[in-house]
Amino acid sequence: MKRVLSTTVALLVVLTMVLTACGPTPTPEKITVRETVTVKETVTVKETVTVKETVTVKETVQVPVVVTAVPEKPTEVVYPRNETIYVSGAAWGPASTWNPFQPGSLANTTGTIGFVYEFLFAFDPQTGKVTPWLAESGKWTNATTYDVILRKGLTWSDGKPLTAADVKFTFELSQKNAALWFSPLWTYLTGVTAADETHLTFTFKDPLYQEWDNYLYNLPIVPKHLWESKTAEETNSGANEKPVGSGAYLYDTRGEDRNVWVRNENWWGIAVFGKPAPKRIVDIRFSSNNVALGAVIKGDIDLSNNFLPGVATLAKAGYVKTYFADAPFMLSANTAVLFLNTTKKPMDDAKFRRALAFAIDVPSIVNIAYAQLVKAASPTGLLPSLSRFDDAAVLAKLGYSFDTAKAKQMLAAAGYKDTNGDKFVEAPDGSAFALEVTCPFGWSDWMAAIDIIASSAQAAGINIKAVTPDYGAWNTALQGGTFDMTLNNWASMSNTPWTLYNLLFRHPIQEQMQSGNFGRYNNKAVFDLVDALAKVPTTDEAGMKAACAKIQEAMLTDMPMIPLWYNGLWAQFSESAWTNWPTEKSTSPTLPTTWSGYWQLGGLMTLINLKPVQ
Amino acid sequence: MSLQVENLTVYYQTLRGDVKALESATFSIQGGEIMGLAGESGCGKTTLGHSLIRLTPPMRFVQGRVQIDGEELPIWDMERMNSFRFKKISIIPQYAMNAMNPTRKVGKMIEELLGSRNVNFKDNLPELKRRLDLVKLQDDVLDMYPIEMSGGMKQRMVMVISTLMNPSLLIADEITSALDVSSQKAVAEMLVEFRDKECCNSAMVISHDISILYQIADSIMIMYAGQLMEKAPTDVIVHCPRHPYTKMLISSLPTVGVRYAEARLAGIPGKPPLLLDPPAGCRFRERCPVAFGKCCEVPPFMEIQSGHFVACWKEFETNAHA
Amino acid sequence: MRRYFGRKILIYGLTFILAATIDWMIPRFMPGDPIANVMARIGAVVNPAAAQAMRDYYTHIFGLDLPMWQQYVNFWNSLLHGDLGISIYLFPTPVTTVLMRAVPYDLFLLIPSILLSWYAGNKFGAFAARSKWLDNTVSPIGYILTATPYMWLGILLAWLFGIVLGWFPIAGAYGFNLRPHLSWTFIWDVLHHWFLPFMSLFLVGFGGQAIGMRNMIIYELEADYSHYLEALGAPRRLVRKYAFRNAMLPQITGLALSLGVVVAGALVTEVVFSYPGIGYLLLAAIQNQDYFLIQGCFLFIIIGVLVANFIIDVTYVIIDPRTRRGMTGETA
Amino acid sequence: MTKQKKKNEFLYFALRNKKLRVALSVVLFFLVLAFVGPVLAHNAPFAYVNPMGAEPPSAKYWFGTTFFGQDVFAQFVHGLRATFLVGALAGGLGTLIGILVGFTAGYRGGIVDEILNVLTNIVLVIPTLAVLLIIAAYLQVRSIPMECIFIGFTAWPWAARAIRAQTFSLRAREFVDLARLSGMKDRKLILTEIAPNMLSYLVMTFILQFGGAILNAATLDFIGLGPTNAVSLGLMMQYSVLWGALQLGSWWWFIPPGLAIMAIVGALYVMNVGLDEVFNPKLREM
């Protein structure tokens, strides 16, 4: 009896502890981790020029403690269904920071950027247009001057007005602080002047037009009156709880597995864009995608941006809606590229690399590993939204497709023959080789994919086996360049093909390649082509196409990496509570996504367009 | 007449069939008598002893009557026996060393035991202490855990516990075998003292150490292969045994005081029969030098002189002629 | 007695120091660059100068720029101040904060499941040992349960009650539409989410305890002292009481031993039901190579198991006089 | 009774013990399946054989197919092999170390015991996963033998503690004391008095370690710290869950592996009790 008693006591005690527990516990999210990294790249594939001054770090570093996020006077504790939208698929860990300058970690509080903090412009991948947001307009008055006019009546959520001074302050934050991701901007930005409340002038020296647009819709504007007092450390890595921004939603609360945002009824944008339909957004972090799958089937989730295996079946059965009614069901979000380590034999041989491109059974990857949720990538690697930059002539001449016979024959022609009768070809110098294709353990779809890559390559006589190290080991090998060949998809939706090529041909080659050109492909000529593209004004589409054609020709000739398929913009939604989701049939479809960094790419507009079910 | 056993038959159930461990035993123990029960190991003496107080599987009651002080003893019924156990008939088990609950202080255990028998502990405490004194144990042993006692102490403690209710019959099963010679003597003498002080009316002392029995027993009963062979006053058994088996037994003891167990009836050819299916008739006959046709029938356990019982056709014949 | 406990405490202290040291070594042994990792997470800057600045910055924050011996000293120093560093995976949240968020869920899951399964298991086992047919009908259940892998039982329960029947939620600690607050709605919802994970922990533990107890009781009932009691006409009640009591002792040690398994079980169970406890946290930390979080979790488990072991040891000694002597090497 | 007779006795009762017979046949069944299964399964465990993806059991695919259209039966039988391998290797290792440590501690007692006890405690409290993590980090590719060694080296404290206790109780028994009093040499004492009384105990310890190892392996595999280059029942469960087998109702994917583990380990435990009854006459059914 004693024990039973103590047990019940313990129960009650602990129950109360749970109630007062301040919240979340991290969870491993294998598949969404990758999505996250993608997300990260959308905001950090930024420039490559070098800063002049390097920052010095203070000796003692104070790291702010995350305080319990339950507000002093809680609002509703049971959310009415008809004014709440439940979404998932963005966060891969519990919220830990609301600092808009830590883009990667923000995946866990998707909304910090886009809901709370806003941008001068937005970008709609569906139309490829960069559209004004905080800014009313912006234009190059001459080759080195860019003028921005802010909208009137912009306000911060604390009631203070948002003025040109705030924008100027934000841009200048990184002028003396190299640890901020956007510090490289100052290698060609020479100054920001605020003529008055709404007029800004940016002056440049030798500007990178292509990248500038990225900044316009990726750099979150922060309130000067709250941030000017922050130290460099606070600015760089402070957690910034209870963020004050200018956006459509306010930070409400968080739990170990969720972030809750509540509509900002005084948002300046309501007059301009309309009022977002859901009063409250509950952003759920699922421990793993299969759990999300269950929630979606039960209708607990209105919009899931998790990668859900087998969703094709569900969509066909009508359990869920997807953007396309049929394969590939999903919009394409980014390109899965097989990086070849060009510093190792035989990957240093362009002929071998090209033969490999033909050997890989992409159709099986699409049909088996993804059950048709994705589609094969264009050899140029560019997303469908940028397909207008694919050069038909180059593709006709140098394009590749799965063809084992052709691969064999190309290998033979290049001098790769099976001399020792092990069914696998040896290098022209007669040396045998055994290669590994890797991806992190647990990323099941990719594991299936590399299995297929390995087996189809073996069918063509190339000795490749699939290996799946743990994420950390994989990441180290990736950035340290010790892998043979590995999958990566860190470049995503952008207004310009330059974003992708900047990743694929990142330069200069460093001993740690942290965000691109992991195969350490070193070719000055191609690098120059990419830099040339960067300097083409975004208005000059013909010029961009010409530049891209050159890059694509070089790329497909040398094949330093092999674009394979497009990972989807995973999105499955139910119409049980909210309707009018964007689909292929919509007149002006926006992106049905909640991923961090996608709100300004149409995510927010999707919310604005939603209609509650009566 | 303390104990009266008639035609008691108890078998052991095994997967191979019944082991006929005790075959129609008929004998009695007088009030105040200490009877020694001797025989080779496996001869059934322990079976006899246990069947009188705790007849549990694999033991199986086949037939027979047992009376104690003229009262029928329902030995085949575990539950009904309870009222007799401890009060009428009690036992000092062979395993006295581990007989007490290791996790209870001895005193506490006794208290709970008595309590369970609706006997008031407090009332009996003085008597208990007196008897502890009798066996030269301090009172504070009651506050000890068994593990804190030596082997000899435990032995004596169990002796006290078992006799606390002044049973009419006390069964002492190999009480000395685990002890060194000196404490053997002590324990044996205490047993007698207990009887004299009427802590128990009569006793059945099971042992294969005839030398011990010789010291303390008034009479000795010899068993062989589940059958009673001979019972007589101690001196008679030792000095003029009548049953051929007893004769060999005694003569095979080079000097009194040698442990019986070690002297494996060196003189007698052959081994005891397997009791799974023993030969009909006298089970000793195969080894018996004087065996003859008649021995194929079971000999009765007849009193040839007052207090002297023998089960041997040869003996009866010689008697008849005499 | 005091001497005995003195030694015990010494042993456990020593165990703790060694365990903690090993704990400290673990991350330092691991290949792979934590800073590269944290930068990858926080959003790497690509131009060399800025990258270097960031590297130095975070290396310093995590104190990895110090000589090993000093890192070790700092480790203990901060450990004694209850400071376990900053989580990489949840930068910039302190590890202790992260742990404290998870702990309640673990206690909530573990304490009831351990105690109840132990208590019920023992009762049930003793009950099973009562008669042959009970034994033959009841024991098999115990064996099946104790032989079931935690996660599989979890999967089955989730599938059956969560998906097929839809009676219970199979993920999270409380509903999506709730914010923690004190109300029956919320408490009910929490219990609703807690039930299935609790059950899968409880059932497996229950089976093990029941079987253990059943076997123990059988032994004890055949022990000499039981026979003696019966010979003296003690009623079954008393005999059973003693047997049960003595069978309990090994069961208590058994409980201590099972703790490790239960923790592992909790981990997988939490994975299956995405229940936000330490075990779960640990897995996340491992997969994200979050040194400091990993250390935190291990230390927490180590301390937990040690304390539990010590408590159990004490209880054991209080109940069983024999151990005291066995431990001090004396013989009767 | 002479030794020889005793042996026959054991055999005699062993063959007549229901528990033992049933348990043994279950284990043997799976063992045989593990050996002949791969021959029956005409597909490689990871080969994508069914273009239709996940399908329920059929004549062609006895246990159905996975989400990717892999043959579940093939994975199952290969997984069984891994399971028995782990049980034997890891269980054996654990028992061996356990005996060495436990017996020495129990028999010597005193300071030796103290030291070994501390050691045991430490290994017992170090979360199994810590060591695994190191291994996982060092070996980018983990193999089953590795897993065995790891499990063996973390599981022995159980055996050690149990055997230590048993040795204690034996050491305290009178007959050992007597033997010691009569000046018997330690070695002889251990061999003649203690070892025989321990033998049954050791056999049963091994059986328990065997089962424990299987469960441990399954757990590790399930949380994704198992072998990265092999198929195992635990991995099957992990994948089935990871790929929404529950939500998509592919019960044939996650039921068999768990069921097999349960049956094998359960049988081992029952076998343990069966042997107990054989070795310990008091418990024999009459």
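Points to keep in mind about this one:
Labels A, B, C and D are assigned to the chains in the order they are written; within every chain, residues are numbered from 1.
Just so it is clear, contacts are C-beta pairs under 8 Å (C-beta built on N, C-alpha and C of every residue); 3 or more make two chains touch, one makes a residue touch a chain.
On a predicted model such as this, the values are computed, not experimentally measured, just so you know.
Taking the mean of all protein C-alpha atoms as the reference point, the chain centroid lying nearest to it belongs to C. Chains A-C form the pair joined by the most contacting C-beta pairs.
One finds 46 Å separating the Cα centroids of subunit A and subunit D. Separation between the centroids of subunit A and subunit C, computed from CA atoms only, is 38 Å.
Between the Cα centres of subunit C and subunit D there is a gap of 21 Å. For the pair subunit A and subunit B, the distance between C-alpha centroids works out to 91 Å. Those residues of subunit D in touch with two or more other chains are numbered 136-137, 224, 241, 246-247.
Within subunit C, the positions touching two or more other chains are listed as 30-32, 162-163, 271, 283, 286-287, 332. Chain contacts: subunit A has residues 30, 288, 294, 442, 470, 472-473 touching two or more partner chains. Subunit D meets subunit A in the complex at residues 46, 48, 51, 53-54, 67-69, 136-137, 140-141, 224, 228-229, 239, 241-248. Looking at the complex, you find that subunit C touches subunit A at residues 30-33, 36-37, 39-54, 56-57, 60-61, 86-87, 89-94, 97-98, 100-105, 107-108, 111-112, 115-116, 118-119, 162-163, 166, 170-174, 176-183, 185-187, 190, 271, 274, 276-277, 280-281, 283-289, 293. Note for the complex: subunit A touches subunit C at residues 3-4, 6-7, 10-11, 14-15, 17-28, 30, 37, 40, 43-44, 46-51, 54-55, 57, 61, 63-66, 70, 74, 76-79, 81, 84, 86, 93-94, 96-97, 102-105, 178-181, 183-184, 236-239, 253, 255-258, 260, 282, 284, 286-288, 291, 294-295, 298, 300, 442, 470-473, 475-476, 479, 506, 510, 512, 514-516. Across the complex, subunit B is touched by residues 223-225, 227-235, 237-238, 242, 245-246, 249, 319-322, 325, 332 of subunit C.
The touching residues of subunit D, counted against subunit C in their complex, run 109-110, 113-114, 117-118, 121-122, 124-130, 133-134, 136-138, 158, 161, 165, 168, 171-172, 177, 211, 215-216, 218-219, 222-225, 234, 237, 240-241, 246-247, 249, 251, 254, 257-258, 261-270, 273, 276, 282-283.
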